[in-house]
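Two complexes, one shared chain (chain A), two partners (chain B, chain C).
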Partner chain A sequence: MKIRPFRLTVLGLSLLIPAALCAVVLFLVVYSGQAIVFNGLRFLTQVNWNLGDLYDDPVVVHGIQVPSGANYGILVFIAGTLASAAIAIIIAVPLAVGAAIFLAEIIPSKIRPALSMLVELIAVVPSVVFGLWGIAVLVPFIGRYLSPNGSGYGLLAASIVLALMITPIIASTLLDALLQVPRENRESAFALGATHFEVVMKAVMPMVRTTMIGGIVLALGRALGETMAVLMVSGGGLNIMPTSLFSPISTIASFIAGQLDSAETDPTNMSVRALAEIALVLFVITLAVNACAKLLSSGVLRVRKRA
Partner chain B sequence: MKMMNLLQAGAIALAVTATAGVVQAQADSATAPLVETGSSLLYPLFNLWVPAYTASHPGADITTTSTGSGAGIAQSLKGLVNIGASDAYLSDTMAHMHKNMLSIPLAISSQAINFNLPGVTSLKLSGPILAGIYSGKITHWNDPAIAAANPGVALPNHVIIPVHRTDGSGDTFIFTQYLSASDAAWGSTVKFGTSVSWPAVTGGIGANGNQGMVTAAQANPYSIAYIGVSFSAQAAQAGLGQAELLNKAGNYVSPTPETISAAAASVANSTPADERISMIFAPGAQAYPIVNYEYAIINTHQSSKDVATAVRTFLNWAVTEGNSMSFLKQVHFMPLPAAVVELSKAQIKKIK
Partner chain C sequence: MSANALKSPRTAQELRRIITGKIGWACCGVALLLVIGPLVDIVGVVTWHGVAAFSPHLFTENTTGPNGGLANAIKGTFLITFFAMLIAIPLGVGAGIHLSEYGRDKLASATRFMSDTLTGTPSIVLGYFSYIVMIIGFGWGFSLAAASITIAILIVPYLARITELSLQQVPNTMREAAYALGAKDSTVVFKVVLPAASSGVMTGALLALAISVGETAPLIYTAGWSNYGWNGQFTHEPVAYLTYVIWTFIDQPDAKSHALAFAAAFLVMLVVLAINVGVRLTVRRKKFI
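Then we have the complex of A and B:
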């Protein structure tokens, strides 16, 4: 048998990424095992989260040591994560699509690189900077002019900060695709007497639909997992389901970051295991959302087009 | 010839290793490098201490990081750091499980209850009132309970916005301990901890870090917040009022050096040998109710004798020279009473 060093190296390198992913998932499953047994399905359906009394003697439930009074329910955080990511997408998609079309169709090609670089620049701004802007500008604004109870911290602030962070992701992916649409498409549409709006809507956008959905999925992944910026402006909702745009929320990622330090002082270690279980849930949610988006972009839409 | 070369190379290699070993050993005895991590409240004090200590102890090498009290305890327990800084002492369970872990007070801190109440500059509050606010039983500023404690103050008919910490915090620990000690209902339901399961209060918000608390209280009129005393300057600058709190003796007191020292003095003689005691709601006519020891969480078994010596030397310096007001006043801390310094020194001796 012939040894192919190049092929072997590339194979090894390419296996590293899925291996790392599997290692993380395996670690989460093994580490949170006791918590999964202790929590059961209540974990996903309960509103109340309580680390329990870490300064009291631990109690034994079903053979598992837990802090007394511990109760782990994460429905609030699932709701906060999905709601903030969904609203962020609703805000970001029109903005991003508009920006991308403007940059691809309207702007003279000479100044396009400068402007598109600006859009991409927003994508690399660290999230804590968005969080600071949120606290300094957005939260007081919402509190003064929009919120009925005077508090700007909450779902809306978190969603807007997230929307700003993900808009450039969608815009720059879409822009790249728009620029690759063949000139002939536009020209033939114009030749048929289409207006500029019709050209974009009927001749250009259908060509980039898959890329656009891909960009949205990428952005959604970022929105679901964003931690720091959300932690700073979300109002840290706990034990209460969000009821309006101005309710304080917690997302799964920001909640893990906020609770980890206290969880580490738990002598039974159950608190950290429960946090690992939340991380597992976040992983499953991200996976499910991505799978749905993939399905939408490939199968369902094409069926509708044919019909 | 070849053999000769090999031998020579071997001899040189041996010599190099031996020299390196000697250098290493000398370095250890003079300056075993120490790592400190934990409480973000103690971090500014450590950053004042370390340069001064290094200046008077040439070769000393201490790295400080700010992670959080929980991380300070956990990493010290695992032996990842030499000194874990924590706003809270080890729980009974932790202390029993890990008999080699010490909780050594380094200084005294306290906490203010700040409010953003347009038109009101002074306010008297008690543990039961605060427990009522944070559990959603007292929802308006003109509630009879608040009015009874503040005769003559024009309290607005407006919803109260209680602000709490979302991150694990020693400030949450001492605040909830005050509520637990002074309000039976809070003490039997929510209890205390560096993170607690805050009761659902409509309009209540969570903020990240002490700076986040100041910002949130400033941005939300009619809010109330508990803020570590190191941030009192920022809180005052943000226009927040500072409440007088009801102490165990039934007097309303503000956090001043006198009232904080009064609380420290009243607990000094009852502090046990392992120094794990709450100073919250201390007896004494002038004692401020939310005062606490800031702890170093130390493993008695350090990795080597030299490291243990370095830890002992530093901690002994911290509870004596390090407790001078020139350091402490910059972070609004207070020095340990003399009796407690002796207890801390006795504990430091156990580090080996």
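Then we have the complex of A and C:
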């Protein structure tokens, strides 16, 4: 075989991407190794996250140095992540579906590009700006009108901000799909005497169901990994399971982002390792969700074939 | 016979269907308003407070607590973005060239899948990875190098996929014509395919630029923070960046810090939105002509 230097070069460049991904997984696994051994399964099932006494002499457990009294349990963060993402999806789906239908059916095609661009622009606003808006507008609003304890920081604020951030993902996916539904479907439904709304609900929406679910799962993946906006408005709950919409929470991502200082002060490095383990958990969760989205949108799981 | 004579009075069922439809459309309209409304409010609030906090000394003075300006943060964000793009553009475009031109095998589709996985990985995970590898492992400390490389890891897969997509828009006959003239692989790509797809690649690069200006989470664990401007060192020297000002200063109790946070948010939002609006308008115009 002839050696073609140019092709080899670009092949090498493209292989850097899988290499980077493998490096991320590998280093997280290797680095969190001691933490995985020390924590075992308690890591996922315990509520209590305690760095231990960082100024006392470290104790040795299973041959691993840990600060005395240290205990790492992330159930609270898993609960916070799942709860905030789930509520965000519950808020975002009806909004996105309604907005996409309205854009596709009612808005005249002359101004549709402008409005759909506005919707897409929401997705590019940096998450830290969403967080700032959350602190400046949303949190005072919730604190004054909704929250029983007067504090707006918490699960609800985090979920609403997340919902705003993921709505455009669902809406633009759905809008693209709606605009591609064949005319015949709509026309035959109209011919049967359906109202415009019935046409959309019964003849158009079933055609785009798989795409819509794919978009929702993609949005879920984004919501699970979102960091800054959640960190800024969630109230940073620690060691208490969220009990109401107004409980302070932490998600896995926001907790990692907020823990830099304590990680730096741990002489045994155990908290850095435990944080690496959390990052690994987050990686696995988002990987699973994104793989689902990919399967759905690639049509492997498509049940209903287009007639 | 007029049309009215044909119409019988509406039955209760018909009426219900019509009313359901009207209510349905109203709900959809409200949903659209609720989606676009917050964007308008975000832009409005940030612009309002940001413009109020604007003054020339933002660009000339370094941040010293709640006083001072944003000069160090602006420089830092610029440098991080610049070096990240310097690393990411050759790698991302090169990878995109491979995927588009020669990527028909299993390896390439695996690369595509992993590239999408990397894009979907939460940026805080990438930041933490860089922290344990570069800050702790290599002992670089919070630094420009670590921050730029992290952002580059974040945007390379993105650039690769956009490059691939835009190169595939170039008709195959152009490649064949070039090869028929005896051109080498590199000549075909650099003189024929890339120039033809340059607007797509530029779009990708600009969008990647917008992402890197607005990123925060991966920088927390890699860039650190510094009250001073860059002194030319790539390692062992933390750098300031604009998004840090936004999320830490808004938590301070005093109004001056809040003003700085809003000014920083205004700058970041201005850059990100300007790039995105500009790209979308030019791309759209091309489509219609």
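The rule is short, and it goes like this: the second predicted complex is superposed on the first by the 267 of 307 C-alpha atoms of A that agree within 3 Å, B and C clash if a C-alpha of one lies under 4 Å from a C-alpha of the other, contacts with A are read in each partner's own complex, and residues count from 1 in each chain.
In this text, a contact is a pair of C-beta atoms (placed from the backbone, for glycine too) under 8 Å apart; a residue touches a chain by one contact, two chains touch by 3 or more.
As the structure is a prediction and not an experimental result, all values here were calculated from the model.
Undergrad: In the superposed model built on chain A, check whether chain B and chain C fit or clash.
TA: Here chain B and chain C cannot both sit on chain A without a clash.
Undergrad: Contacts for A:Pro242 in the overlay, against chain B (first) and chain C (second): which applies, first, second, both or neither?
TA: Neither partner.
Undergrad: Identify the partner contact of A:Ile135: answer first if only chain B is touched, second if only chain C is, both if each is, neither if none is.
TA: After superposing on A, A:Ile135 lies in contact with both chain B and chain C.
Undergrad: Could you say whether A:Gly214 touches chain B, chain C, both of them, or neither, answering first, second, both or neither?
TA: After superposition on chain A, A:Gly214 lies in contact with neither partner.
Undergrad: Counting only touches as set out at the top, which of chain B and chain C does A:Ser250 meet: first, second, both, neither?
TA: first
Undergrad: Given the touch rule stated above, what does A:Gly143 touch, chain B (first), chain C (second), both, or neither?
TA: A:Gly143 sits against chain B, while chain C stays out of touch.
Undergrad: Given the touch rule stated above, what does A:Leu260 touch, chain B (first), chain C (second), both, or neither?
TA: both
Undergrad: In the overlay, answer first, second, both or neither for which of chain B and chain C A:Leu54 touches.
TA: Touch partner of A:Leu54: chain B, not chain C.
Undergrad: So, A:Gly80: does it touch chain B (first), chain C (second), both, or neither?
TA: In the superposition, A:Gly80 touches no partner, neither chain B nor chain C.
Undergrad: Compare chain B and chain C by how many residues of chain A each one touches, and report the one with more.
TA: C
Undergrad: Which of these chain B stretches, 117-125, 189-197, 207-215 or 243-251, gets into chain C when the structures are overlaid?
TA: 207-215
Undergrad: Quick check on the output: what are the common chain A residues between the chain B footprint and the chain C footprint?
TA: Overlap of chain B and chain C footprints on chain A: residues 135, 231-232, 257, 260.
Undergrad: What residues of chain C sit close enough to touch chain A in their complex?
TA: Chain C reaches chain A through residues 17-18, 20-22, 24-25, 27-32, 34-36, 38-39, 41-42, 45-46, 49, 90-91, 94-99, 101-103, 108, 110-111, 113-118, 120-129, 132-133, 136-137, 153, 156-157, 160, 184-186, 189, 210, 213-217, 220-221, 243, 246-247, 250-251, 261-262, 265, 268-269, 272-273, 276-277, 280, 284.
Undergrad: Taking the touch rule as given, give the residues of chain A at its contact with chain C in the complex, in rising order.
TA: Within the complex, chain A touches chain C at residues 4, 6-7, 9-11, 13-18, 20-21, 23-24, 27-28, 31, 94-99, 101-103, 105-106, 113, 115, 117-122, 124-133, 135-137, 164, 167-168, 171, 195-198, 201, 221, 224-228, 231-232, 253, 256-257, 260, 269, 272, 275-276, 279, 282-283, 286-287, 290-291, 294.
Undergrad: What part of chain A is in contact with chain B in the complex they form?
TA: 48-51, 53-58, 69, 71, 135, 139-140, 143, 149-154, 231-232, 234-240, 248, 250, 254, 257-265, 267
Undergrad: Going by the contact rule at the top, pick out the chain B residues touching chain A in the complex.
TA: 67-71, 73-74, 88, 91-94, 97, 159, 161, 164, 166-169, 191-208, 212, 215-216, 219-223
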